[in-house]
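Same chain, two partners: chain A is paired with chain B first, then with chain C.
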Partner chain A sequence: MDFLNYVINGALIGLLYALIAMGFVVIYRASKVFNFAQGELVILGGFIVWYTSFELGLNLWLAIPISLIASAFAGYLIERIFLTKLIGESVFSMVMVTVGLLIFLRGFILLVFGPAVRPFPIVFPLRPLFIGDLLIPMNLLIGGGITIVCAVGLSWFFNKTRPGLRMTAVAEDHVVASSMGISVKHSIAAAWIIGAVLSTMGAIIFLSGKSLTFLASDIGFAALPVALFAGLESIGGLILAGVIVGVAQGLATAYLDPIIGGSIGTVMPFIIMLGILLVRPTGLFGWRTIERV
Partner chain B sequence: MNTFSKLSFRALAVAGAVFALSHAPTRAEAESTYNLAMLSDFSGPYADIMPILAGGREAVVDWWNDTRGKELGVVLNYKNFETRYDAAQVASLWPGIKSELNPIAVMGLGGPDVAALGERLPEDQIPMFMSTAGYGFAWKSDSWVFNPRPTYSHESAGFLNYLRQKLGKDGPVKVAIMASEASPAYVDMAHGLEKYAKENPEMVEVVETVYTEVQPTDLTAQMRRVVRSGVDAVIIQTNTSIVVATKRALQANGADIPIMLSSHNGLPASGKAAGGVAQLEGDYESYGMAIAVEGDTAPYQFYKLLSEKYGLKAPWNVVTAMGMSQGSYVVAVIDHAIANNGAENLTGAKVREALFSGPITTEETRGMLPTLNFTPEAPFPLKGLKVNIARVVDGKIVIEATNVDVPVVNKW
Partner chain C sequence: MDPSGIFSTSYRQDRRLVRTKWQVLTLLAFIALLFLAPLFASPRVIAIGNVMLISAVVAVGLQICTGYAGQINLGQAAFMGVGAYTAGLLASKYQMSFLLTVPLAGLSAAAFGFLFGLTAVRIKGFYLALTTIAAQFIFHFSVLNLPSSWMGGSNGVIVPAATLFGYRISTETAQYYMILVFTVILVAGAFGIVRSRFGRAFIAVRDDDVAAGIMGINVARTKATAFLIGAFYAGVGGALWAYLIRFVGVDQFTLFNSIFFIAMIIVGGMGSITGALIGVFIIRMIQEIIATVGPNIAEAVPFLGGEIVFAGMNMFLGGVIALFMILEPKGLMHRWNIIKSSYRIWPFPY
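Take a look at the complex of A and B:
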């Protein structure tokens, strides 16, 4: 029964990683930019939720929608200020901007909210769900459901709707997309808005009932192996990749950590990531690009 | 008197006044002035507590200058240097600090200061005094870096012996340790207690050391193991995020197992991060320093004096107490150095020698610290060690026990 519990918990943690990784993928799909500041978007979203719920004292069910709208606006602003001027420039330049954005967001949050550790509101029930001997944390269970809904919805959006297909075309080539009458600016802005909202949703699930500090941005790096494992273009693949990575991490934490006496569970996702990059650099479901020479 | 004569007279008067002033035995000349370098982190990971800690240690030096310093004819100047809690920053600042201040002592903040200066201070003959507990990896003889408190493992061992007595256990008290490989210090804390438990199986049994991230995603599964193993307490000397995550995981498992915290992640800080001290009902903090609770205690009276007369703005909490205890034992050591060598020509080496020349009594530190007996064998006292223990009762932090003996913990 313990084994099953570790598997379920691991899978749910993996789905949380998948939700954060969805932010990576959405932005990558629309702009071919790997956003190194994804973890910082998570803490920015976390601080917005904290501010609306604790500082403004709003009811949680009002604070959360307002926070999601505010983070969408923050995503839009980030794209307008930092990235819109770089359309048509090399991808490397845009990636370096996201590194700068990482540093900027940390400084900005420090300046605006201060360095103190904050309590995060209890959004989901603290009492876990008990099914016989199984114990399932409610925040992860509900979060897992949200992740699956988001993945299905975004997959449909990108593959079946006109705006989604336009964003995909933008990811292929900015110049070609522009020549076809697609607004590259709007597509990339939409990707950053979606990325920022997903990050805030990730922050709510991750931090519910816990504490909010800069350290929370580390989850951006924890989600990285899931994004690379799935393939940076695959939203649906994130679910499978998240579950595999999460279960591997959970089992390593349960069975290897006590033997080895270290945090092998923490390292496990990165071991998987390195293995995948060696065998299949495009990930499980990443696009294979065929180039004519 | 013609104009020329008037001018000549005035010039002579001014010259005479200047001569008289310049040769008068002014106070500044009668005093010996020495410098202290304070390493601070106002913009890094400890930026939230730094103004409070700095306020505590600065107020003590101001108080000493106004009282003992006046009696002895010594002024201690101090200056804060921003390190961002970064060893590279400390290393790059150090040559400038030396040439600018030529300090007789450094007040350090944490691990990066030790990492950057541990090897350089013996050469520069300047001792550094910390406010925290010590570490096993720094447990070396002939150190130039000193801690007023023994290692974190000593402090947790002291607490566990107390808990064992309190629970009336014949066998060992069973504990789990929360640690993280994110910091060598966190690993060290766990290793020290594991060693103590191994050597004293009748006293403590460590059922598991749980390694996690500094901001854990979820600890429900780990805590389930811990709860099932029947532990009496969980030891957490890492950070507040791990405390909150552990607490939530214990609550999720329906377990009411007490947690023991240290000073830097203590009940007020972790309580604040969890949404209120009441969230930590029944939990403990334990360390070899005064506990910041109001009352008719020497530390609180000292705090009130510093607040009322020496501009201390910080609230009375554990961080202020850390700053005050650091300032208190540093000025006490300098006091000893002056007693041994006279007020003139004091050097860092003489200050360090004074540390070993006799105990720094608890009266000298106004009860901020127990009596400290430093020896060249270790960077912290090894004998007569005591810890104080506080607990959350009915949503308030109260003193549970004071001057609890710390057992012998061997080097690891």
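Take a look at the complex of A and C:
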């Protein structure tokens, strides 16, 4: 029974990772930018929610939509300031700009919101769900549902609709896409807006009823392995990859930590990530790129 | 490009590093200035100088790996940490002389870096950046979780002062000379490496690894070598750091520090040893200014709180990286080279 409990909770945490990784994948899928600052977007969203619900004292059902709109605006602003000028630049420039963004946002959040620990509103019921001996946290259960809905919806959007396919073309190649008459600028802006909104939703599910500090951004790095495992272009694959990574982490925490006496559970995603990088860098469902000379 | 009137008439002359009389004079004057600095500089300036010299060693290593060979490396601080721990443990447990521990620290860091260089054979770009970030996490995790009798765990390692012929190198000035000698040797070595066949292979692989392979360069070996050399420099820098601070802790070598080194070579200019040195100087100077001015601002504007130094440092660093990538991706050295060639060919347009 314990085992089942660990597996289910691991899977639900994995779905949370998948939601945060989804922000990463959407940004990559539509703009070919690897966003290292994903964790910072999550806490930026968290602080916006904190600000609207506690500092402005708004009702929760008003605060959450406002926060989502505000974070969409923040995503757009970041894209305008940092990334518009880099269309068609090398991978190195892109990686370094998002690394710069990571550091910059961390300083910015610290400066604007301060280092203090903040309360986070209770969005989902705190009482966990009991099924026999199983104990399932409500926030992760509902969050898992949201993740699956988002994944199916975005997957359909990117694979079946015209605007989605247009954005997919941008991820293939900026120059080719713009010569086909696709606006690379709009595509990247849309990607960052969706990415920022998804990050804020991830923050709400992750932090509901907990306390908020800027250390919560570590979840961005924990979500990277999920994105990589699924393959950077696959949104539907995130669910499977998230569940696998989450279960592996849950079981490692439960059974390996007492033996080794260390935090093997927290590094488990990175061990998986190194394995994927060495064996199959394109992940489970990623595109195989064929390089021509 | 040489100034007008200077022509190479032999291969030896053509591959010279220092080409004109003026360059010889200014170089000698600069080195003499570095060696004489402690006579007139205040202790605080020397302390800053020590940190700058060590950063210069590490940044030059990163420049060879990233700037010349084109391999993105976000784990340079972890490599530096491996060197620092090696030197610290060898010095404190086995009382080895620093003349032995510093090269050994370089070699152990090089071995660690080589492991990640091997992954660069298969993957590149973004995936490589991820792997080197993983190096950072692995370093952190293993130091904290291995038995603390091995590497001191979270307590760190206390390093004894370096001694040479019975003389303890413990004052700032003595440390300055020790670090300066190593730095001069390593930087001179870097100039040698980048114009040797290795350096030319690095540049070829950076520009196009497929084309480089077709020309007969062993791409896999070249990439691994780049990591090996870059990590060696980081390891030596780490060893010098251990002797300077006399304490090694895992928090001195974080991802944040790695990004600092990247910022240095971006500001200075990718693919130029001199650029790396200029970048080190500028970034460290501004860092020093923020550290000095920050507390005053915090005092004057109390609602910003005491975190302003750290927050300001973050915003400055992130802003500088993004700004240079957007506006001046080739760095300050590129700008200087444009100015230099325009005054050298004056009065002709080209």
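What we mean here is this: the second predicted complex is superposed on the first by the 292 of 293 C-alpha atoms of A that agree within 3 Å, B and C clash if a C-alpha of one lies under 4 Å from a C-alpha of the other, contacts with A are read in each partner's own complex, and residues count from 1 in each chain.
Everything below uses one rule, namely that contacts are C-beta pairs under 8 Å (C-beta built on N, C-alpha and C of every residue); 3 or more make two chains touch, one makes a residue touch a chain.
Computed from a prediction, not measured in an experiment: that's the story for all the values here.
Undergrad: What is the contact status of A:F285 with respect to chain B (first) and chain C (second): first, second, both, or neither?
TA: Neither chain B nor chain C is touched by A:F285.
Undergrad: Under the stated touch criterion, which partner chain does A:F24 make contact with: chain B (first), chain C (second), both, or neither?
TA: neither
Undergrad: On the A-aligned overlay, A:Y51 touches which partner chain: chain B = first, chain C = second, or both, or neither?
TA: In the superposition, A:Y51 contacts neither chain B nor chain C.
Undergrad: Touch check for A:F158: first (chain B), second (chain C), both, or neither?
TA: A:F158 sits against neither chain B nor chain C.
Undergrad: Mind working out whether A:L102 is in touch with chain B, chain C, both or neither, as first, second, both or neither?
TA: A:L102 contacts chain C only, not chain B.
Undergrad: Determine, under the contact definition given at the top, whether A:L126 touches first (chain B), second (chain C), both, or neither.
TA: first
Undergrad: Go through the superposed model and pick first if A:L110 touches only chain B, second if only chain C, both, or neither.
TA: Touch partners of A:L110: chain B and chain C.
Undergrad: Residue by residue on chain A, keep only those touching chain B in one complex and chain C in the other, then list them.
TA: The overlap between the chain B and chain C interfaces on chain A comprises residues 110, 114-115, 261-263.
Undergrad: What residues of chain B sit close enough to touch chain A in their complex?
TA: Counting only chain B, the residues touching chain A are 43, 45, 47-48, 180-181, 208-215, 217-218, 220-222, 224-225, 239-241, 244-245, 248, 251-253, 269, 272-276.
Undergrad: Write out the stretch or stretches of chain C touching chain A in their complex.
TA: For chain C paired with chain A, touching residues are 70, 72, 74, 119, 122-123, 125-127, 129-131, 133-134, 137-138, 141, 144-145, 210-211, 256, 259, 262-263, 266, 304-305, 307-308, 310-322, 325-326, 329.
Undergrad: Inside the complex, what are the residues of chain A that reach chain B?
TA: Result: residues 2, 5-6, 9, 13, 16, 110, 114-119, 122, 126-128, 135, 137, 140, 206, 209-211, 213-216, 218-219, 222, 250, 253-254, 257-258, 261-263, 265-266 of chain A touch chain B.
Undergrad: Please name which positions on chain A make contact with chain C in the complex.
TA: For chain A paired with chain C, touching residues are 34, 36, 82, 85-86, 89, 91-97, 99-108, 110-111, 114-115, 221, 224, 228, 260-263, 267, 270, 273-274, 277-278, 281, 291, 293.
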